[in-house]
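Across the two complexes that follow, chain A remains constant while its partner is chain B and subsequently chain C.
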Partner chain A sequence: MSAVQKQELSLFSDHSVLTKALFQQNEHHVIYVTHKLGTSPSWLMNALIETQVFGSPLSLNESHASAVNHASSRVPVQRSGFSSNGRRKAATIASWIHDSEFFHTALGKLKIDPASYQIQDYLTDFVLKNHGKPASRVLKSLVEELTSTQSQSDLLLLEQPELLMHLLNVSSDELHLDFINPLARAVPLMVIVSYTESHENPGAEALEHLAHDLIEQIRFQTGCVFKSIAVLGIKPLATGRAKDVTGTLTITRGGAETSHLAIDIAENEYLFHTQKDTTKLFYR
Partner chain B sequence: MASSSHNPSILLRRVLALKENSPFILVIDSIGRSGHCVLDEVAREAEESTTIIYVSFETVRKPKYATHFVGGCKSATRLLTAIQSSLPSPEQSKFSASKYLVVIDCVNFIAASSVVELITQLASPSVTLLAIYHKDLPEYRLPELENYPSSLQLLRFMAPSILEVRPFTNDLAAEQDLESRLQKLEMPLGLNSSIYKLILTNRRKSGRALTYTFKCDSQVHSFVPIQDVRTTSDGQEDSEMFEGLTTFNLNTSHKQKAAKDQVDLPFLEAQSFNTGGAIVYEFEKDDDYDEEDPYEDPF
Partner chain C sequence: MSFRKRGDVLGAPGARRLPVGGQIPGRSLGPQRTPVTSNDAQLADRVGKLSMRDVSNSKTTGQIDSAHPGIRPSPATSQPSTATGCQDLDKLLGHMGLPLGQTLLVQEQSATDFASVLVKNFAAQGIVHNRKGGPSSLAAGNTHLVVLTMNPFFAKELPGVYQGSKKEAKRFKVSSAESEVTVQNMLESGAAVSKPSAAPGKDLKIAWRYGLKDNLQKGALARNGDVELETYPEYSHTFDITSRLVPAPTSAEITLISPVQPLSAVLTQLQAVFQKHQKKLIRILLPQFLHPVMYPPKYSKLAELLPLLHGIRSVVKQNAGRAVLLASISSDLYAHNGNQVLTMIENLFDSVIDLEPFPQEMSQFLERVYKSQPNKIQHGLVHVLKLPLLSDRGEMHVQRSEYAFKNGRKKFEIEAWGIPVDDSEVQDSKNMAEKPTEDHNHTKVALEF
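What follows is the complex of A and B.
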């Protein structure tokens, strides 16, 4: 592919990835990222963290060579309350499928200072630590942990929180009311990342009987769409495999109201190609 | 299809302005077009003095139009207590002229077993309940309650006015294609846009249901009824029918038709009476009123 076709990522109509309007006082928003088998969302999560730290997703927008050249000169943008000594972080990542080492390695390659982000590792020892405790207490302690002053940041990324339904044996409604809602009301921007392979929703009017677990899974993921201002869907090519394309990224409006924001979601569909550690976006 | 004796847009505006006698308005939406656009229209059309109590199960930030913002909870009893603390007591509401609107942004969170009780407790002549139901959220039903109606069936049965919001599609094939994609949570571009389709079902006191489909634009707040092809062609035939029949002009011009459609017919007003079969009569200055009129309205 020629360099001409390469695209820069923008989620909002002001050509920004994370617009400043989202971080105004008393503003709270949710963005939902869905991905399928064979298309990992790690590059997109990294790009969002990079945007929060440097102001734009440099590694995604730049060519590989220039990214390497400019890596040493990257300067974090100054945000209110953010300082390099770690008092207030640019982002907090909570993952139920990756450990902290995974993120440190990936973000280290992007030259992001570990002091500018916080990782809550809920993969290692989560079951051992919480075995036998009532689910409501575990959810409450998780919310406290993620909203405590130590880890408070403007961007909170939750990677596959739907696993909590199975880990704690709670329903989708309980997870939304006791975990997602309090977090979303505490941070300016929350990004929920979910795995939606085999999601097949027959709807409330369908007569077919689904397994209880499946219903809860569908309810959680559909509920996240209604809460979000934007849905970023990553999926493989519908036509099969291609040498120069890994999949598509679709940016659409979510179910939440955005009329109070001065800017709109920049709906778009990109092709992306992941090679080794770099991902590039192209015109659809 | 309902009768064409009045303008569907007027009926819709009356429902949105809470002027219709429907204490419970059900909004059915999907991930293709969420029902928040209807809430915005209701907040815009309703009288300024209306107190809006917003019960949030999924809304993260308090909307501008909400007077009170109540966080949703799993227990219907606790929720009811929280809502009722912002509402006047039944005694107070008798003397109060102001209207109250309770908005539930996702009624799916309330279990089917308690949803009926919650609605009957809240909806009253002075309090209108507006609840959004997401038809994309499947519901788990206990095997022993297999033959009991689902929440959606119960809500549809109870609501005098139902507003169904859908993404605007050009034809049936496009609608089916969109639905099959949304089932897999693959969101195509153009969803939740300002232009959407709204299906209004309004039940009259007689039990007759009127159903109209509108093409709505939330930016300019327009509601254009979508008429089927058959109705439109009938209208054209009518105008040709009168031509050359008499020396009088029996046709109506477009301007006259538009003016006629804007008239708020008395039967809309009659729906708000407590007794059936009432006659709406407005006394004019030249009318001769006879006290012993044998044909007087017995009510």
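What follows is the complex of A and C.
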């Protein structure tokens, strides 16, 4: 294992993870992250937030020990547009599957100051508060909540917003029109994280007669792919479990137009190994 | 220093949690007599002040008494975990139990009902923990069970603790009497220590020939297991599925909630349990989820099903310091539709295991192979799909067909799976090997093909 050279994560052709070109004025982009059973995307989400806070995913690129040692020297990147009234949050996380404690623990281990990000916890009491209410009103209030806090941050991370389809009983088109689109228009960069286990494994016998729910899921995910400039797919090895490899990270272009950007998506495939809170990337 | 009768047990029963190093039992009577919990509370207080980041965490876990018999730290992440009532499942989960605040789903293929053994053991384990304080503490208790089921007799169907054969019970009595810290026992052990030459292998120079070395090693191994048992003596129990837990748990120990009610009613009832039983570990059970006898057909729609699971998950995570959830589901009913329903359910659980009973041919094969050792016959495969905490961190823990289970009267065992060698086939291959020339010819022919 030690012979394998560690790689640094880069999504764009200028070897950056989140290039500055993304955050220019009046431009809005979506990045889509898909994951499957056995490969939770928490490390990648953490890396993106870390990039937004420190400028690069330090703990992913360095070894874990040195990352911790250098923690004191990590200075949050100064972003243009710091509001004069105080701290501007680097990122907002909205999750429908994990509570805020989950993110605080994970980001705390990376020595990210809790003041530099914000968490909207849509797991706790979401059903109790919103069950039975008209879906359009709930979606509207969600957008308002996220954009009002969002006016303070450049990166919005949505974890499993597709659950909203079933929690509020709306179709994928409604979800896209009333939720994803308004948010994408309000934020410089939005990252959507989806669980696509059923999408790619519909089951051979079911291919001819797909259930309504499944069609909606696939429709939602296809919509996300076409709206995003980059798609990051995480999945386990096709050969099953291995001791030194967790899975593959595939970076591809999405369906959205990128010609206005000066740089391209660096399409690539990495292997990665996650163990005890540290993730290493390497090539085959 | 006070005088004690020879047969009196020294120190409080809770003394096992006190640090052992460097204490002389005779002189440490004073500090031992003070209640252990206050010591722990002081310590927790100090620790809480030390770390700023984990304050909220320690707050939630601090709700439960740290001397709870059914909670121990996980060896993998040091999160507090609780026993599932099945030791092998505890090991399989990687934490020697189910970490608090985590949810576990047991799927089962085909029409068998092995999962109910796990469910009942999980329930019975909670009740046994609750009764550790003796009958007077029943109402006060340390654990409460919530079952989301429509079966009103669930409480009466729980298995009792395995008592062992009569011989074992007697042996246990003698050994427990010896292990008590009495003046007499200490005198005896002191006498044993003062004679160092009494080591059994000392005058046998060729000890290995007598197998003494092996015995010593075996003893060391057994002692390792004993250490676990000594540190957490009441952590996990063995249950006899042919017996019943007597007396059956009452409403003070168990709450039944029907899951087929308006969603808000289910969730408010669940939250009320948490409010009513402060400072208790709450074990939530969701047995036979989506079973068509209990659940009307509309529940197989994701729009009905997901809000219910999402709400329950939210309640568990809100009380992450003192709640665990175990659910079981028969997956065959929902295997069509491209597994969509199951995939979404799995998504909402922190850990998932899948039981796949062997088909008839495999069972017959195993019966033939293990003709002389019928207790070795496994009943099916265990697939691991997600492990608590570890999978959430991004580690890959999908292990298919690596473990097998067998269900017995006193134990639900999970062990590494390997297809056993059929003796009759071995005989055949031996016969082949005895005729090497012919064999050689055969391979030659095959190669030419």
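Operating definition for what follows: the second predicted complex is superposed on the first by the 263 of 284 C-alpha atoms of A that agree within 3 Å, B and C clash if a C-alpha of one lies under 4 Å from a C-alpha of the other, contacts with A are read in each partner's own complex, and residues count from 1 in each chain.
Just so we're on the same page, contacts are C-beta pairs under 8 Å (C-beta built on N, C-alpha and C of every residue); 3 or more make two chains touch, one makes a residue touch a chain.
Just so it is clear, the model here is predicted, and its values are computed rather than measured.
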| item | value |
| --- | --- |
| Fit-or-clash call for chain B and chain C when the two complexes are aligned on chain A | fit |
| Chain B versus chain C as contact partner of A:Asn169, first or second or both or neither | second |
| Vertex chain A angle, Cα centres of chain C and chain B, expressed to the nearest 10 degrees | 130 |
| Partner chain in contact with A:His29 - chain B first, chain C second, else both or neither | first |
| Partner chain in contact with A:Glu101 - chain B first, chain C second, else both or neither | second |
| Partner chain in contact with A:Gly233 - chain B first, chain C second, else both or neither | first |
| First, second, both or neither for A:Thr274, with chain B first and chain C second | second |
| First (chain B), second (chain C), both or neither touched by A:Gly38 | second |
| Which of chain B and chain C A:Ile218 touches, first, second, both or neither | first |
| Smallest distance from any CA atom of chain C to any CA atom of chain B, in Å, after fitting | 12 |
| Those residues of chain A which chain B touches in one complex and chain C touches in the other | 201-203, 205-206, 210 |
| Complex contacts: residues of chain A adjacent to chain B | 26-30, 34, 173-174, 176-177, 181, 184-185, 196, 199-206, 210, 212, 215-216, 218-219, 221-223, 225-227, 231, 233, 235, 250, 252-257, 259-260, 267-269 |
| Contact set on chain B toward chain A in their complex | 29-31, 34, 36, 40, 57-61, 63-64, 71-74, 106, 108-109, 133-140, 150-152, 182-193, 218 |
| Chain A partner contacts - residues on chain C that touch it in the complex | 53, 56-57, 263-264, 267-268, 301-303, 305-307, 310-311, 313-314, 317-318, 320, 336-341, 343-344, 346-348, 385-386, 391-400 |
| Partner chain C, residues of chain A touching it in the complex | 37-43, 96-99, 101-102, 104-106, 108, 123-128, 131-132, 160, 163, 166-167, 169, 195, 197-198, 201-203, 205-207, 210-211, 213-214, 217, 236, 240-241, 246-247, 274-277, 279 |
